[in-house]
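Order of writing sets the chain letters: A, B, C and D. Residues in each chain are counted from 1.
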């Protein structure tokens, strides 16, 4: 089975997820800079954070399927599982934003990030299994440091938002910090797979 | 006529349908877990069910057009008919969800599922006719058990929601069960066509 | 310049236009069949009509660009002009529907149809000019009967909605009839270009 | 790394941006021409302006990546940066429109245009660096007159809306004029790269 249509469908879904989040940005009531800062200030930052996360997933997805040559039924469903988790970003982002970064919505955003990371892991596992233990893809992924660290950060964020202090002010700041750090780690492109692509050559 | 552009357009429409349903999930009023469960609990499950259904249609559509080599005018319109039925999912899902699974909206959701199944059958028939009775596609489909069983389940769901009890509580539970069972049946990938793809080779 | 990316972009825009119209369908207040018929009855028909029109444009666009081999700057902009006209369908359809087919909104819908038809004509002219008078495309289009008749029907619809009677009841019915007839005429696939594709062979 | 998937993803995002703006057009309350002009008059013009701008970016993006043969991690992120800026158009357009072209929203629209222009410059720089100083792309871009003039117009628009007069009436008119002039300049297709495509041949 060709990978091209799976990629095209995923591109479509990711393009929509990344774009409809802007619809959640509410147009300010007034017409001054203060109105903008008041009604959209944090919203713009939340939007940026989620935009970057969807961008990261698109990049990694892109890299992984460049080395993939076979798509099985399991890959299709694991891919849909990832897309489902990512499709919840507009919802969890909007809630976090509308409650002005209240404790539980920040926890839920972390859970969403964690779920997406797990779904990506599953997808990666299924794709690798479809290609066998000696595939380029298997070797290209190797010991996936960033993929192993990220869930720990998400977990740290979730736990601090929930437990650090009673009002959840300090905990939320730590949690948001954790989520941002992971995004920054991933913006650095994945050199492992990038190297493998150059080495083994990408499928046409 | 090439199948690629028909596939690309269908991918686009399905990607949008599967993604905009999340826009129907209302952000909770409060900021606690109870608020989330109260305002989004069932909504998330309805969303998951419809997401899976669109995913199933995408998978089957993908499998069918891998073996298709000719697109006629009739195929274009039968395909648009299927897309039209699927495009109503966000609407029927939202109504079922907002009325808290009232009787008639559950019936309507079943009618929508049934209409999509019929439209898919028609599309399959038109595609097969365009390829002749001896085509790989014809043989690959063979005796389509799942395709024949599904409408019966939808019908059973529709009838029980409508007639089982006066308040529609029990009937709705049976109906929702029927709809879920069909989804589970279909998540198992379609081995018939999958086998044929390996056997005959897919078009490039 | 390749036609593939222009087609992909147009596919994306058309897929979105055809799909977001369903977002205009308002979920009924109550939960009975009467509520559905009352709040969505005509809406569903308007949606179907606009869905079919976008489908027709997608089909014709598909056929035209199958024979096109060159994309110039003028083609890009003529194509964007067509997409702009089509992108107004959700707006004009929603207005017509929400005013319960009042006179002026029906006129405006006709103007939108007419504008799209003109934009398509311009695009066709620009594409043909880019390929020269002896191109397959030029011969394939030939004497475009349906393309010449449709604007007359739109015009008839616009004029009857505006002028036939004072309250606009009869005029609106005639106008809606005109718009529906054109849709039916076009659902019959375009045999001229279809024949040419088979005769001259489509680009790969 | 192939450019095709980057183009497909960008096409998807741009198609959505250009299309969802129409959702901001509010359906008029009444059903007469006066109602339409009153509630949608300027809105339609704002929509047209932003539609044309997204169209311009799509065209230029299309031209640039026709000559690009390599996609690096930096290109992916620079491209996402451009898409982020463009994804804010629906928001800034809606605000400008809803405040009836108040001073600060017009300034913000200009800032958005300026940010998109900078992001495009960065993307162009990163793509050129990935191809080396002697690449066709480098020579094709040459001395990018339009790209250098546009930011000056945006800046002029921003400054006049902010400073020309106390009520911002005259300044806003000048600013809108500036934004429109740049759009008109760019509708003229980019002959430099177009020439290079013909000269060097486009990648298949």
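Here is the rule we go by: a residue touches a chain if its C-beta (ideal position, glycine included) is under 8 Å from a C-beta of that chain, and two chains touch if they have at least 3 such contacts.
Just so you know, these numbers come straight off a predicted model, no measurement behind them.
**Q** Counting shared numbers against all numbers at the contact of chain B and chain C, is it over half, same, or under half, different?
**A** Copies use mostly different positions to touch.
**Q** So which chain is farthest from chain D, going by the mean of the CA atoms in each chain?
**A** Most remote chain from chain D, centroid-wise, comes out as B.
**Q** Through what angle, between 0 and 180°, must chain A be rotated so its C-alpha atoms fit those of chain D, rounded to a multiple of 5?
**A** In short, 90 degrees.
**Q** Which whole number of Å gives the spacing of the CA centres of chain C and chain D?
**A** Once rounded, the distance between the two centres reads 27 Å.
**Q** Need the CA-centroid distance for the pair chain A / chain C, whole Å please.
**A** Each chain reduced to its C-alpha mean, chain A and chain C end up 38 Å apart.
**Q** For chain B, jot down the residues that touch at least 2 other chains.
**A** 8, 12, 15-16, 20, 23 - these are the residues of chain B that touch more than one other chain.
**Q** Spell out the residues on chain C that touch chain B in their complex, using ranges where they run on.
**A** 7-8, 11-12, 14-16, 18-20, 22-23, 25, 27-28, 30-33, 36, 40, 48, 51-52, 55, 58-59, 62, 66, 187-190, 194, 197, 202
**Q** What residues on chain B touch chain C, complex-wise?
**A** My answer: residues 1-2, 5-6, 8-9, 12-13, 15-17, 20, 23, 72-74, 76-77, 80, 83-84, 87-88, 90-91, 94-95, 98-99, 102-105, 108.
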